[in-house]
Each structure stands twice: as structure tokens, then as C-alpha cells.
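One chain, chain A, links the two complexes that follow: it is found with chain B in the first and with chain C in the second.
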Partner chain A sequence: MMGARVDHFFSAVQAILNGLLTGSLYALIGMGMALIFGVMRIVNFAHGAFLMVGMYATYVLFQRTGLNPYFGFIVAAIQLFLLGYLFYWGLLKRIQGQSDFMQILLTLGFGLILTDGTQLLFGADYHQINLVLLGKNLHLGRQISLNAPWLISFGIALALGALLYFFVMHTMLGRAARAIAQNPYAAPLMGINVHRVQAFSFGIGAAAAGVAGGLLLPVFYLYPTVGDQFTLKAFVMVVLGGMGSIQGAAMAGLVLGVVENLTSLYWGNEWALAVDFVLFLLVLSLRPSGIFGSQRV
Partner chain B sequence: MRRSQLLIAALCVLLGLVAPLIVRSDYVFQVLFRVSLFAALGLAWNLVGGYAGQLSLGHAAYFGVGAYGLALFSRAGIHPWPALFLAVLLAVLFAALIGGVSFRLRGPYFTLATIAFAEVLRLGAKNLVTITGGDVGLPVPGLFVKSFGRSLYLAAVLLTAVALGITAWVSRSRFGYYLMAIREDEDTALSVGVNAARCKLWVLLISAALTALGGGLYGSLFLFIVPDQVFSIDISVEMAIVAMLGGAGTILGPLMGSLILESAAELLKNLFHEAHLLIYGMLLVLVVLFLPEGIVGSLAHRLRRKSAIAVTAFKAPGTVPK
Partner chain C sequence: MRSAHASTVAVLAFALAFTGCRGGGERKGEVSGNKIRIGVITSLTGSTAAFGQAHKNGYAIALDELNSRGGLLGKAVELDYYDDQSRPDQAVQGVSKLVDQDHVPIILGAYSSENTRAIVPAVTQKQVPLLMPTATADNVMQSGSSWTFRICAGSGAYANTTVSFLKDMGAPKKIAIIYENTNFGQSNAQAMLEAAKQAGIEVVDSEAYQASSPDYKTLLQRVKAKNPPVIYFASYLLDASTLMRQAEQVGLNPAYYTSAGTGFAAAEFPTPDKGAGRNAEYTFSVSQWLPSAKWKGSKEFDDKYLQRTGSHPAYHAMEAYITLLAAAEAIKKANSTDPQAIRDALRQLDMPETAFGAIRFDSTGQNKHPVLITQVQGGQYKVVWPVDAAESKPIIPTPPWNRR
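Now for the complex of A and B:
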């Protein structure tokens, strides 16, 4: 009887720790989305597709040159930054000032092009890479073990999340981005080049998704529509975190990871995503400013 | 302009009704079914998205409830047609619930909430295995016994005709003007006494009923449904693309949108196989960049401007004598 209770306790702790590990990657995805949403008020439906491109980029690098994904993600980040930057200058800038829905449709269309373009190039097959690391575990006591690749990606995600936070809070560009978020009409009057800052922010947001993709590669199956689930999750995080607050989105990412893992433990894996959406709808209808305060980017 | 749109639409329906006299091939019937089904769905979406300006990307919820309702009620021993009626009622009930929550939100938050509801229903249908069969799916009864494909096609054309009739009424009624006022500026509409909440909810109920009928027909064609097919976000997106491509907030728009999108998709599917979503993506980007009012909307705009020029040209000699 006692032993069973202790086992329950340890499996819950295990689920929470696993949740924090997954959540750190969610946090990175959510921060990228929140940056884009905060600065441009754009709901980026291509976010998951960016993540998917980051995964494929890291995968191709690994296959061709043998570059470890934990270094390859840097290349993916640069590529995704350029992709986001060019997407802004080429398409998004042209429809500035049009309705929200036009922006949603444009990013949705771009995401479809990326996803189906990838499918044309690489096929719809599932891929997986094998790292030696995959079987390694860190044991804490007898009951709890943490998977090595998740631990590494946790560390990298934490460091990059802090870097992103530093960029937004303490650099000139980040300050300009926050100024635009606060008042898009006054910002240009203060000498801020709005398009340049927005393009840069969009690139950074896309790069964050790409990094998350690269870090997910060792622990996830790879297929063209892999990103779709993350687009919806990123919305959930942005809403939970308070629209456009990047530290809120980061917190929401960790919470989402823990909630999903606990749901899987008690109700089964198949309900995890449903709980995300129910949480999302509850927050949206009961507390639209999010649960982590209303501080903007 | 409105009258000529109505005339063309009526002509299309008439052509659709006589098509079975000429067409014999089953394949062509299937394509025509898809065209008229998505014309009806686009028109249904257009009532909420085009006229009331509430941009839903969650209409798959009603589509799926229509299909699943038909399957579940007829499994309970009810004849398919009353079962379809009950399924539509169920979808309307869901619409009241979904609308009640999500219409309190505006702009992108509304759109996101509609997606979330449709996803919750999809996951529910996947996971409540004892009721819905989960990913294995459910059999759907055929709504017709004799000359199955042709009868279903004619039912889809009739659904399109009904949706057109409702759209024509909305475009000219007091109710429709309220909706357009809400679309243009909800706060101003509220301030002059339009009961925005009630208007939005009513139009969603109508739209959901039409969508559920479409879902029932769709399920009946395949005789089998799975959650990822009928509750898929792709259905919601396709409905929106059909309406936006043709022209949101016009009578003829969704009809033209469906005709172009579905026949193009069919042709390209045979050419490129898997890449038809790529075409949707490109079409979306092109429409947003170059035809934000849609095909019919842009044409109407241009014609109106031309007639406006003609009027000033006619008046000019009187007002500015040379």
C-alpha cells in the first residue's frame, strides 16, 4: 500500500520533470511567436512550418556532413532568420494595414507552400536519426531518470531563451521592437525604422522556431506536416502568456509541457492536446489578458 | 450588379440541374459533386465570414458534426433522412455553444477560438472510441438507394440553391444590413442599436445548419468517415479559400470560387498528385496580394467605377460649360 503510494509520487515527479524538459522547447517556440505577435499583431500561421523547415535543414546537414544536430541547429537558425526576414520584405510588408484575416491567410498560405514544397522535395515518409546519445539517461535516485538528449536541448533552450529575453529587453533593436509594440504610430516619429525592426523581429521569431526544430530532431519523427501541431500550441502559449509578452509565453511553454505530461500520465497520451485547447478556450473566455500578467513585449 | 449576380447564379444552378442529362461518367459526377458541395459550403461560410465579417476557421466543427451525427443517429436505428435532420439540429446546438463563447472575442482571437473548438471536437471524435469508433471510423448510410452518385450530386446542387436563396435574402434584408454594419464597425453598429450579439449568433446558426447538411452529404458519398477527414482544419480552410477567392460578401463569389478552385485542384491532382495543397497555398498568397476582394468583388468594383465615370462624363457638359 505504502509502496504503491510512493510509486505514484515518483511517477508524478517524473512526469513533471519530463514536462519541464519538453516545456523548454515549447517555450522557445512560444517566445518566437510572442515576439512576432507583440511587434506586428500578426498571428503567424507559418510558425510550425518554420519549425519543420528547421528540422529538415538540420536533418539534411546531419545526413550529408554528419554534423551533430546540437551544432546543426545554429545553421538552421541562420537559414530560418533569412527565410523570415525575406518573407517579411517580400510578402508581409505589402499587406501591412490590411485586416487581421488577410495576414492570417497570407501566413497560412506561406505555411502550406513550405509544407507541401517539402513534401514534393523529400516525400511524405517518416525519418529519424540515430544518435548514440539517445539511449543515455541521467539517473536521479532509483526512481527517476532523465533522457540525455532532452537534457541537452533543455540547457540550450534555456540559454537561448535568456539570450532572446536579453535581446528584447536590453538592446537598441529590442527596445525599438518594444516601442513599436507599445505604439506603432508614435514609434516612427521617434526615428525608428519600423519596417527594418519588424523584419528583424520576424526573422528572430522564425529563427526561434527553427532552433526548436533542430533541437527536436534527435527525439522526434520527421515528416512534412510535423510542424502543424506546434503552430496551434504556439497560439495557446501566446494566449496563456498574455498577448505578446515573451516572458509570459516562456512560462506558458513550461506550464504546457508539465500539463501535457501529467495529462498523459493520468488520462492517456491521446488527451494531452485536447487539454491544451480546453485550457486555451478557458483562458481566452475567462481571462483574455492571459494568466501571466498583461505586460507586453 | 446584384441583379446580374443573381441571374448568373440562377443560370449556374439550372445548368447544374440539367447536367445529369448530358453527363454519364461517374468520375465527372464526383468532380461536379465536389464543386457544388463546396459552392454550398463556401456560401455558408460567406454568411458568417463575408457578410458579418466574423472570420471563422473552425467550420469543420459543423461539417464533422453533420457527418458524425448522420452516422451515429442512423446507427441508433433512425432512418437516414430524419437522422440527417437530427444531425443538423445537433450542429446548430454546437454552433450556439461555440458562438456564445467565441463571439465575445474579436479579430484574431475569434479566429483562434473557432480553430480550437473544431480541434477539440476532432480530438473528442478520435478519443471517445466507444461512441465514435475513434480513428477506425464509422460507416455512414447512403441517403439514396437508386442511381446513388447522380442523386447525391443533385442533392448538393439543391443545397447550393438553398444557400444562394438565403444569401440573396441576406444581401437585401434588414438582418443582412445589420450584419454588414457589424462587419464595417461593430462599435458604431452597437451604438445605433443593432443587437450585434444576437445577429451574429443567428447567422452562425444558419451557416452551421447549411454546413452540417454539406457534411452529411459528404459522409454519405464516402459511406465511411474518420475524424481526421471530416473535422480536419483543411475543410475549414478550404471553405474560407473558396469564399475569399470568389469574393467574400458577394452572392456569386463562393460559386465562382468553388468552380475555379475545385476544378483546378482536380486537374492539378492528376498532374502533380500530392501537391494540390501547394496550389492552395499559392492561390491564397496570390489572392491576398492581388485580389483581396476576390474575383467577383474586384469585377464588381471595377464595373461600379466604370459606371461612375460614365455618369460624371454625362453630367460634365452641364456643370462645366466650355
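Now for the complex of A and C:
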């Protein structure tokens, strides 16, 4: 009887740890989305497509040069930053001042182009990579085991999340972004170049999605529409985190990861996704400012 | 106000683009010029695209054979593909497009059970015969429609064969079922629940999952806690690979990994580049056909497939191949491209010797097809049961991960 209780305890601990590992990647995706939402007030429907492009970029590097994805993601981040930055200057900026709805449609369209473009280039077939690392596990006692690739991506995601937080809170550019988020009309009067800051934020947001894609590559597989599910999840995190708060979105990512895994443990995997949206609806209706307060960016 | 107007226009434009509003005539079975067009719905893109590509290769080989023999009714045969993007709503769109616009007299498809079930009402309403190559969920044949025919064996046959095999091996007392939560997985899980109950095997756990998830560790942990000697999977390919990789991470060690084919029987599954690699070793699967099958033409099909794609086919490609040949035979027998005449010919169809065994449809439209059990041994699928068809002995129990 005692033994069974101990087993239950360790299953829960294991599920929570797994949740944190997955959640750290969610957090990166959510932070990128939140940054964009914070400074531009739009939902970036191309977010999942950015993640997918990050995966393909890391994949191509690995295939062509043998560069390990845990370094390759840096290249993907730079590429995605440029992609996001140029997308802003080339397309998004042109329709600034029109309704938010138009901008959202534009991101949706751009996401479709990225997905279909990838399909043209690489085909609809799926790919995966095999790192030796995948078979390595860290054992904590007899009960708990953690898979090496997930642990590494957790470490990287944590470090980058902290860096992103530092950037927003403590750099000039970050302060400018927060100023725009607080009041988009007053910010330019204070001498802030709104377009430059928004373009930069969009680039950083896209890069965060790209990094998450690169880190997911070793443990997942890729095909052109693989990112779709993450767009919705990122939106859920933005809402849970308080509509544009990046630390809120980061926390929301970790919470989602843990809640999904606990749901999976106690009710079954098929309910995991449903719980995301139940949480989403509850927060929207009971606490629209998000679980973690209301500060934006 | 102006921008609100513009948004409305944009939304309408989008809606139009997505629904693809096009007019279509009512004539059916029209033959365009000197060609006979046969409609095909399959998943060329999306999450089950690997199987759609296998379909496409199988169809292409059959098409080459047909046309090199002079086509049908003196006309060349042409395939009219509709990619359902692995989504049921798109498969339904496919029926409208193929029938209303292209006037095909018969449709082959779809790939998945989910998408196939979705198109059954549409073909029934439009009165066009549907020939199913690979949908194993038995509910695709339970609509009562007189327009549906199925080449492959279904979920009931899968579960019963697996249970017979287990009984033959010493009848383990418990089983856990892990299945993807669309029509394919649900039907196969349900069929196993019933088959196990009848055989007196206790189902200690039944776990549904979302096939697109990157992480099944917690699910596998739940199963591990129940310590079942047998696991029965109903999985597509990408999830099958992820499940088997993570089974090692979790240290899940049943004596038997069994499965309802599909992902666990795909040609890619035992390969390291596109599947579970060494983690596929020792897994059992039901199978409908293998290149080593005794039926005449199996070897030839294998050769042609290898030449075309550089890899050996799994049964999904064979089923597509035979589906097109059966459709062609029915059109020939009907001596017409009228959908109703083709349906009636399908009912009477008798092809005693094909590379997939005999093809005959019973009164419900089902082709009786035997099911084998295979095991991955040395990276290859080997038939291990029934004994008279076995190429190799089953390796039981599955060695634990830390002693492989």
C-alpha cells in the first residue's frame, strides 16, 4: 500500500518534470508571440510558420554541414530575425493605420505562403534526424528519468528566455518597446522611432519561434504544416499570460506544459489539449488580465 | 467605417477562396475525349502524407500496366487526383470536385479511416461508387450505403487475428490499448476491446492520444504503471515512431508490442532515417500483404515499386495498386462508364488470382482478405504467424530496453 503511494508520488513528479521540459519550449514560443502582441496589438498568425521555418533551417544545416541542432538553432534564429524584420518593413508597415484585422489577415497570408513555399521546396514528406543523444537518459534515483535532448533544450530555452526578459526590461530598445505597448500615441512624441522598434520586436518574436523550432527538431519530426498547432498554443499563452506580458507568457508556457502532463497522467493524453482551451476560456471570462496580472511587455 | 467595409470584403474574398465556389454540371460518367478519368482522393500532404505517397506510387504502377495493355474500352486511363491534405473536410470537397466538375464515374480512396468515413455520405448522395483501399475502421462499411466497396481487411479482423496469435503463443491474461483518437484508432481500439473480452483477456488500460503531439512520455508512464504483458497500438507513422522512441526513455517493457498495422507496418517504420529505427525491433503488427506474399504478381509488384521509388512497398501501396486494377476490371465488365453500371459490375466482380489474393465483394461490399502477423526482425518485417505462412519464428518475450 505504502509502495503504491510512493509510486504515485513519483509518477506525479515525473509528469511535472516532463511538463517543465516541454513547457520551456512553449514558453519561448509564447514569449515571441507576446512581444509581437505587446508592441503591435496583433495576433501573429504566422507564428507557427516561423517555428516551422526555424525547424527546416536547422534541419538543412544539419543535413548539409552536419552542424548539431543545438548550435544550428543560432543560425536559424538569425535567419528568422531577418525574415521577421523584413516582413515588417516590406509588408506589415505598409498597412499600418488600417484596421488591426487587415494586419492579422496579412500575417495569416504570410504564414500560408511560408508553409506552401516550404512544401514547394521540400515536398510534403516528413523528415527527422537521429542524434545519438536521443537514446541517453539522466536517471534520478530509480523512479525518475529525464531524456537528454529535452534537458538540453530546457537549459537553452531558459537561458534565452532570461536574455529576452533582460532585453525587454533593461535595454533602451526594450524600454522603447514597452513604451509603445503602454501608449502607442505618446511614444513617438517622446522621440521613439515606432517603426524601428516594432520591426525589431517582430524580428525578435519570429526568432524566438525559430529557436523553439530548432530545439524541437531533435525530438520531433518536421513537415510543412507542423507549426500550425503551435500558433494556437502561442495565442493561448498570450491570453493566459496577460495579453502581451512576456514574463506572463513565459510562465503560461511552463504552466501549460505542466497542466498538459498532469492531465495526461490523471485523465489521459486525449484531454491534454482540451485542458489548454478550458484554461483559455476560464481566464478570458474570469480574469481577462491574465493569470499573472496585467502588465504589458 | 471604410476600413470595416474593406475587412468585410477581405473576409468574403477569403471565404470564397477557401470554399472554391465553382459551378458544375450534372452529367456523370462523362468521358472526356478518348480518355477515361478515374477519381482518386488521398493524402498527398499533411500528417499522413507518407501513406498518400505510397498510394500514389501503387496507383501509378497499376496505371502503367493498364495503359500499356491498351487502356480500357479502347481508351487511355487517366487518374484525377484530389489531395485531401489529411483533413476530412477536404476529402468531402474532393468528392464534389471530382464528381460535379470532373464527372468521374468512380472514386478510389481516401487514405485514412477518418477521411473515408467523411466521404461515404457524399458518394452515396451523388451515386458514384467508392472503392476503399486502406480504411480499416469497420464503420466505413456500416453506413448501409450500396455505393461503397472495401479491398482491405478491417479493424475487427485485425483485433481477432492478433488475439488468435496471442492465444497461440500462450494466452497472456492482460492487455493495454494505446490508440490515436480519430476514426482509425477509435475503431481499432473498440474492436480490440471486444475481441479481448471474448477471449477472456483483461483490458487493463485504454489510452487515446492526439497524433500530432511531440510528447507521449506521461501516457507511456501511465501504461507502465499497469504493467501489462501486451500492448496493442493503433497508430499512424509519425506517432508510432515517437511512441517507440519514448517507450525506451520511459523504460516500458511488455512481453509483446502488438499493433493494428498502419504506422507499425509502414515501410519507413523500421528505418532510422524515417521511422523508429532500432526501436522498431521486435514489434509485432498485423499485415495485409508483404513483398514475400505467395500470391502471383507480388514479386513483380515489389520489383516495379523498388525500381520506381528505391524502396520496398508496404501493403498500403499494394492495396492502392489492386484497388485501381479492380476498378478497371469493373469498368471493363460493365462495358460502360456509367456509375451505376460500374457499381453493379463491382458487386459481381470475381478476380480469383491477383497479387493481393482473390478479390470478391460480399453483399456488404467487403472483400474477404486474410490477415497475417509480422515482427520486425533485423530491421525487416517477417511473417511469424499463422504457422503455415511463417517465414520466421516469433521472438518472445521482447527483450527489455536495457538488455538489447
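Annotations for the structure displayed:
We adopt the following convention: the second predicted complex is superposed on the first by the 297 of 297 C-alpha atoms of A that agree within 3 Å, B and C clash if a C-alpha of one lies under 4 Å from a C-alpha of the other, contacts with A are read in each partner's own complex, and residues count from 1 in each chain.
Note that a contact is a pair of C-beta atoms (placed from the backbone, for glycine too) under 8 Å apart; a residue touches a chain by one contact, two chains touch by 3 or more.
These figures come from a predicted structure and were not determined experimentally.
In the model built by aligning both structures on chain A, chain B clashes with chain C. By the touch criterion defined above, A:E270 lies against chain B and chain C together after alignment on the C-alpha atoms of chain A. In the superposed model, A:G111 lies in contact with chain B only, and not with chain C.
Judged by the touch definition given at the top, the superposed model places A:L91 against chain B, while chain C stays out of reach. In the superposed pair of complexes, A:F9 makes contact with neither chain B nor chain C. In the overlay built on the shared chain, the residue A:F166 is in contact with neither chain B nor chain C. Residue contacts after overlaying the shared chain place A:F101 against chain B and chain C alike.
Residue contacts after overlaying the shared chain place A:F71 against neither chain B nor chain C.
Only one of the stretches 94-102, 112-120, 220-228 or 310-318 in chain B has C-alpha atoms clashing with chain C after the fit on chain A, and that stretch is 220-228. Taken together, the two structures place residues 98, 101-102, 105, 119, 124, 270, 273 of chain A in contact with chain B in one case and with chain C in the other. Those residues of chain A that touch chain B in the complex are listed here as 41, 43, 91, 94-95, 98, 100-102, 104-106, 108-113, 115-117, 119-120, 124, 232, 235, 239, 270-271, 273-274, 277-278, 280-281, 284-285, 288. On the side of chain B, the complex with chain A involves touching residues 55, 57, 101, 104-105, 107-109, 111-113, 115-117, 119-120, 123-124, 126-127, 237, 240, 244, 272, 274-275, 277-278, 280-285, 287-289, 292. Residues of chain C that touch chain A in their complex: 3-4, 6-7, 10, 14, 44-47, 49-50, 52-53, 181, 207-210, 212-219, 221-222, 225, 238, 241-242, 245-246, 248-251, 272-274, 277. For chain A in complex with chain C, the touching residues are 7, 11, 14-15, 18-19, 22, 98-99, 101-102, 105, 119, 124-128, 130, 134-135, 137, 145, 147, 216, 219-221, 223-225, 229, 261, 264-265, 268-270, 272-273.
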